[in-house]
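Take a look at this one; I'll ask things after.
For clarity, chains are labelled A, B, C and D in written order, and residue numbers in each chain start from 1.
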């Protein structure tokens, strides 16, 4: 088994991508994730890949569209404002059924905001991708190892569903260092997907990949095709983790960096006699509706802890549908919960 | 009382805006709403206003930012892909607390899709505005008269809350003609808001309007300020309409063009003995949570009819929280429900 | 007669433009001329004009194209790199026969260079305007008063010839202060040119202004039309000034800021017995070929002093065609000639 | 010796570039040269190169800047309006002393003009490269073989002088087919220039390549360095060809496609007793001043034939400086001289 290497979340994104077979990167720098493109610019030439800093995030996402259309494993990374600029392009990828990995190291918003950690792009990732129906498959790591692993796996998930996959991190995950166990590199040469453009050079028919569907019924069929894939993802690629009391009175729902705070808070509260359990969605879309709903039948209350004014909590409420009260604690703009703060809330619920 | 004038929804948008005091327009053409900028380009010079076709939607929304910062009544209009391109700019407006009217004549998506009518930008309008917390006050007209009225009123609502206001139409509303009763033009000259830039020319202090807030606590305070305004809007500017049976067994929730189909469907179903009532949100954000929740205690079922894969229905479910079953019927890509289709569903619920 | 007002060349550009009837400005800031757009942004709203800071110089020049097509008096201002970005747009103006005033406060080049004074955009102005045949009518002031006067007059020259007019200043002229006698403001309301678009609103036929000419003979006819106008300008709007000895042995050719240095140098050299005369072109295109050629028959030598590696000197050589030796002294990158330096050269010729 | 292969000038550009070691291409399609990027997009991946279609010509030239800074052999190709958009970027390359090959298949101008052949970008190529001092080394082929050869050689010339090299073709050369003898491919792996960025990965010091020179004397030194290289190019890489009567009364100066017409015209005129000689510059900058000047002492007249309103003719006049009369015949906008027409002029001189 390999040794573990100390690296930041930004570095883990780059290394996980390359090990996962990614050989194409297009992006534009923005704090707190500029170290990802910087590292990709150094690493990709070493492995025969293509790195290009685009003129803007609008240009970057459309270059991803082009590379994805050839069946390439392609990634862009950015932080909140940059992902906003990619919304049209992501929607075009839904429409053309193209795989791509989009990493968002979320910073405080709205607007320029600041470069501290936040979770306020939950909607942008799970509901976003701009206009029209279409949602981004979204995974939210809570450690540098998980940043590495999810990035590594996301390219094959994107290819499996012909869809963009979002890795939703934050400014802390991006910059903190933790030991990472690297995985065996996937072969960057793999069979070109049969739908990919360029097949005519390999003896296949010529493909045109577009998002124009003039006839309403054909466009509706596309949407049903996309949502059938989401349903498949909900069956096959749903991920969540549970930690804590097996007979809880309170279920704490939190993801990413907030879940780490909550884990400590639950331990602190347990010492004070509060029986709480952490349910941490790893996939935000598809969402672990069923396990949350099942716990809602058993616990007294659910507490949602989130670094936003209340986005993720809506999905929890949609899962619970009134089966038990859902309480919410949010911070924004780079303000973080302390374990003491959450433990205190748990003690008063 | 004035005579009624026959006009399209696109024309009503332009005329409602000018009567409402709008003197600045920045945009970029896209079907099915290109007649709005065309008409504004003709009308604004006549009333001493400024019309400018920008290089792109990205440019347009940032020009709106600039004009809004001076306290001007400013509008941009587009259709789905164009509004995606505006997401970063809208988020910057949240952050700088700027008023603006953003009209979206929604077309079939995702991607280029087609130019038929759709309602699949519900999230883009109510949850969108890009990254970070912040939501767009959203009004959804169902007639050309209401397009006119809501556009007319939206500038003052935007100024009242220092926030972008979205008018969410669709490709049918944009192009169909109906008689409109025009309203008395508001005075385009009004006191410059005290927060506006440029005040130093009028003997006030110099203002800088930006969305950068380096200190997390200050950015968090901004978000609380924004959400306090949304709470005020929920008290003072919430709008909905109810039509149909006063003792219904089924509540139909639909907005915009879908609500018109549902109104006919309810009449057809009534003739077959089905007691149904239409609740039509006019403001989508703020959302008429309370009235829907109240009906959920009384009816047997709620049916949501919507031209998307299921966006608006989530807000209905969040209002209902399991109080009664919520059924959903959606079409996408320009396919419309027929009244017969909805009446049929009502008969089988 | 009005009092004289102390102002910078940048301010004189803005005030000259407004007095000359300009009511539309599109631009993008760049040192050393950013005070022009800043002043226009303050002044234009006061006189009912339109100021817009574009997304880039590419956007700015195309906005000028649009405004010019309506017959408006429109200006953009920039410095060297920004004018390079406008080259395509200027060529389109040639092709569509559109008037526009383009001010270039030249800085040290090539590339980003620096923000000191230079005259190395002589070709960019007289030969530039991008691809294809077409040259910019170019006027080069040597004082703040002349900056004011030439800008004031350039809008009517542009309209007269349906062509872009360039005012070629430099970083020193832009920022130095001198007293200026302002002129009576021209009426900003004037008859719309008969070729302008928008005439259909005034009972005329609809015009399309474009630079596409598919048939070669038609495009050739356009070029002959443009060059006939240049010939007319050479007859009617050629300008130059001569100062110094009426029976010179040396003719000094210099323009703009360099001519000021040469004037002093000639006085210094005269004190040492050198009979020199300054010929200062005010219009660089059309070029004062005839007077230079006439002097070339009489003087012993011609000295060209210029802040470039040798651009203006080529036009002098084309005028002289070997009639007498043409010597050259150039500096670049913001280095200036001193009067002593030029006087020294004069003494050794 | 290899067989000859029939190909268009566009194809010869692509094949010459790849054989010359070019492995990086950035561009944007425009008629009549879109077949170059199309072919590069197919060929470069086959040889391990990078092809990228940029968002615009502005983006393309700046990508070339980036690749060139690493010492890569990089090319962009376009036609007239596209090259105008590259002017700022080319000037930045002068300033940063970067090699690049820029192919311009000139079309009729100004503006959009048309897609027929023209030679009206002579100034844009030899004087252009935007603002500031700096000129493009320019080679003008007159056959498909020469398109191939000059493109093949241009990358090493660009590296030799650390400067952009322009290949100036036209719409006819781009699309006509002729047999081409291909040359042995140069090794795409070559020692990275010592000035290149990225050297720190190879054990060298870190380089920053920029065009900012704040101190005027330093910027002036850069310009002297650039012009010293031009002087070296005039000694070592000047090219021209002479054909026809060894004791001519008339010297015909023409380049590129016009020279082919003139060659036939001279033969026709010879049959009528006119002794004429063709001097065809292959390098336009550096310009064959000396040979033209030498002939000017011997011939009765010089005729310049050119597809423009008179650009190349200025360089001939600057070489001749009045030693003999210089006559001019120009066509524009895609109109071509016929051999009969030129022969007729020759007969009447």
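Note that in this section a contact is a pair of C-beta atoms (placed from the backbone, for glycine too) under 8 Å apart; a residue touches a chain by one contact, two chains touch by 3 or more.
Since we're looking at a predicted model, the values are computed, not measured.
Comparing chain pairs A-D and A-B by the number of C-beta pairs in contact, the larger count belongs to A-B.
Of all the chains, the one whose CA centre sits at the greatest distance from that of chain B is D.
Averaged C-alpha coordinates put the centre of chain A at 55 Å from the centre of chain C. We define each chain's centre as the mean of its Cα atoms; on that basis chain A and chain B are separated by 29 Å.
Between the Cα centres of chain A and chain D there is a gap of 50 Å.
Across the assembly, chain B contributes 58 as residues in contact with two or more other chains. If touching chains are joined by edges, the resulting network of the protein chains shown is one closed cycle, each chain touching exactly two neighbours.
Per the contact rule defined earlier, chains pair up in contact as A-B, A-D, B-C, C-D. Chain D meets chain C in the complex at residues 58, 80-81, 83-85, 87-88, 91-96, 106, 108-114, 116, 118, 120-121, 123-124, 127-134, 210-223, 226-227, 308-309, 311, 314, 317-318, 320-323, 331-335. Residue ranges on chain A touching chain D, taken from their complex, read 42, 48, 50, 52-55, 58-59, 62-63, 66, 201.
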